[in-house]
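You will see chain A twice below: alongside chain B first, and alongside chain C after that.
Up next, the complex of A and B:
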């Protein structure tokens, strides 16, 4: 789970990392009020989880409460980079002397955490490593050892001496966020040295390990402000693994691997998948019905491909579930069904006997993908 | 913290068993020492260099390969050659009982073998260093 900037900064504050004074605004009026509280000028920052906010007009220096209100109004109305915007962060203006970069992330290849500090902020780190390696310090931190002062001294060695002590404290705080909040990435770009000598985290990018959320109930709450696609929300409620894609063939399969290969085959057949959906093991009539509803709620879907390989799942139950689901919902598109594995013959017989007008039974996966692609194309034309 | 003692924990030689060194490093850190861990596969010369560069008060050597009679004294000798005679050298690992007096004679002040508690190590080192500082 990627956190919004204001959420990341909340975690930073808890771990002693200095961040600018800021107020979250959900309306233009509260952006104005926030700017008044902050002394009449502010920085208005759009809260979206994509980069390039600075260049794309997502960060506005407001010289007056009027400016802030106008900026917030535009951001909330227009969204940013195609995303809906529900919040802006209104922060105090700071007098910046110099910008740096700091990050700690889980490095899966080495099984350690990788810490990086650059003497230049707002830059592409890969690019900096190539063109100006002396400005970048990288260090692997063995989790069994943890972070120690010698690591911190090594990391801050490329920074101006007057900033080093403060950045060392911030790095220790970032490591705390990483380990105690179960983050896999903490990044500050830029980290700034102010003209008065203080050092602040001006931005915050934090990724939390989803698999650790069960032991981070407080972070789970951060989730609630994330704008979730209503269809994805429905699928999540039903315990289905659903990811929306941008093609026209709706996919239902059991097992992530089978679904992935189904996506590939549909692609190979010249069409695009509208989604990834894994109904999981032991698919019941209910879960098939919900899956169909979820897939069909996407208006782009022109045909559906149900691809089931029965292991524990019994194909006859899937077939019955499918027919039961079709009694509840009347889809406007055809459904190609391929069943194989446990009780496949019974499953196929059930579908054939039913002679349901929307069901197109096929034998093999490849055939199913081709058929679904044809139907999608025919329906679109 | 100005009064913090700085300890280098080092792995001389070619064995890769660093669990013990890491546990000692963490225990010392938790006890308020500042710890510098060298990582694996260090030569005695590298360890001497690190100890001097980091201005350490003590260096703890961890070794499980059997090369302690060769490598431990070379660290002591190297420190002395650089005038770092006040650095406390101690060690640990799979060290036969008979070798311990020999190592002590070579200037390795204390050897901790399997079974030593981290508290023993912390207590000994704290006392040894407070004596050294004339507290």
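Up next, the complex of A and C:
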């Protein structure tokens, strides 16, 4: 789960990392009021979980409450990067002397934590990492040992001497966020040295491990402010992995790898997938029925491809689930079904006996992709 | 020979009295695997259709000579089962459990470094050497004994490709489902190295997917060390690009991670990459004939 900047900063504060004074606003009027409280000027920052805000007009320096109100109004009305925006963060303006970069993340290549610090921060950090890799100090930290003062000294070695102690404290705080809040990424860009000598985290990017939410009940609450599509919500409640895409072939499969492969095959057959849907292991008749309803709720869908390779999942239950769903809904599109693996013969027989007019049984995955693509094209024409 | 599991494998199942644990322990035994013990704290002295249950792995090892751990316990207790198995110095630990917090896994992986145990998983389908031993949840009936090694990050996609091989009469020495979690035990690299030394493996199929850079690192190994042909498959050419948070991930992986980058890295290393599971099986057939 990716946190919004204001949520990340909430965690930063808890772990002693200095952040600018800020107020969350959900209306232009409250952005104005917040700016008045902050002394008449502010920075208005759109709250979305994607990068590129600075370059894309998502961060506005407001010289007056009027400016702040106008900026908030635009952000809330227009959204950002194609996403709906429900909140802006209104922060105090600070006099910045220098910008740095700091991040700690779980490095999957080594299974250890990787801390990185650069004396140059800002929007071009990836460019810097490519062209001047030595400018980015990197250190791996064994999660069994944790972060130690010698790590901190090593990481901050290229920073201005007057900033080093403060940045070391912040890095220790970031490591705390990583380990105590079950984060997999904490990133501050920029980390700023102010003209008065203080060091602040001007931004906060934090990703929390979904698998650990059971022991982080407070973070689970952060989830509720995320705007979520009702169809995706329904899928999630049923334990389905569903992602909407823009093609016309609805996809249902079991296992992420097999579903991704199915998407690829549909494209090779000349069509596009309307979604990614993984029913997971041990799918029941009920979850198959819900999957079909979720996929068919997308008006762009012109055909559906069900691709199941039964391991834990039993193909007879999948077949029953499909027929059950078809009693509840009468789709206007054909459903291509390919079953293999555990109880595949029973599953195929159930479909054959039912002779349902919308079901098109096929033998192989390749054939299924071709047939579904043809049907989508035929239906669209 | 085969790798990781064979006729000498003796399995102790952690979580054997749970629904999944019972089902798969019995299924593995029915396949011919020596499932010699189970562990569920507080249930020592019971048995699951003749498989004795112990309170600890150490007790199970003392009583039965188990040398391989198979783990089905829930996510919040699973790393403890891995540590327990490592402390009993079992040679192989296969963790099927999905949903383990990644920090728990990072600490566990750190502890395992330098220990004699090999970990497979977590969040994986397990390991099968067809005709000899099945440790995990891969359906035995889709496999056949033979000389193709297979290693994969995926579950059902593995079954698909194994199935296509078996249908063409191409059997497998060992199939390794390494799992897709960010921090995991055995990877492509270690599996390829084991297959490279296994006299009963002639060719290796590796099945990757988007994310991470395990495939790219495997490609470097293949180019330098691998003496046997490798056929590859990568899923996710059309998968939606994950929304990206921050720069840190991009800084450490660069352009790695996409299906395109992985396929290109493998091809540069001399690996033939099939565009569909069917093409993978056809490539294997062509190389072997």
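Operating definition for what follows: the second predicted complex is superposed on the first by the 358 of 381 C-alpha atoms of A that agree within 3 Å, B and C clash if a C-alpha of one lies under 4 Å from a C-alpha of the other, contacts with A are read in each partner's own complex, and residues count from 1 in each chain.
Everything below uses one rule, namely that a contact is a pair of C-beta atoms (placed from the backbone, for glycine too) under 8 Å apart; a residue touches a chain by one contact, two chains touch by 3 or more.
This one's a predicted model, so the numbers in the text were calculated from it and none came from an experiment.
Of the two partner chains placed by superposition, A:231 touches none, neither chain B nor chain C. Of the two partner chains placed by superposition, only chain C is touched by A:341; chain B is not.
Contacts of A:148 after superposition on the shared chain: chain B is touched, whereas chain C is not. In the overlay built on the shared chain, the residue A:312 is in contact with chain C alone; chain B does not reach it.
By the document's definition of touching, of the two partners only chain C reaches A:103; chain B does not.
Set against each other, chain B and chain C touch different numbers of residues in chain A, with C touching more. When the shared chain is aligned, chain C comes close enough to touch A:111, but chain B does not. When the shared chain is aligned, chain C comes close enough to touch A:267, but chain B does not. Comparing the two complexes, residues 142, 144 of chain A contact chain B in one case and chain C in the other. Partner chain A is touched in their complex by these residues of chain B: 19, 22, 25-26, 29, 34-37, 54. Looking at the complex, you find that chain A touches chain B at residues 142, 144-146, 148-150. Residues of chain A touching chain C in their complex: 2, 49-51, 101, 103, 105-109, 111-114, 116, 125-126, 129-130, 136, 142-144, 179, 182, 184-185, 187, 189, 205, 207, 209, 211-212, 214-215, 243, 245, 253-258, 260-261, 263-268, 272-273, 276, 281, 309-312, 340-342, 364-366.
Listed in rising order, the residues of chain C touching chain A in the complex are 75-76, 99-107, 109-111, 125, 137-139, 142, 152-160, 163, 180, 182-183, 207, 209-210, 212-214, 217, 233, 235-240, 243-252, 254, 259, 275-278.
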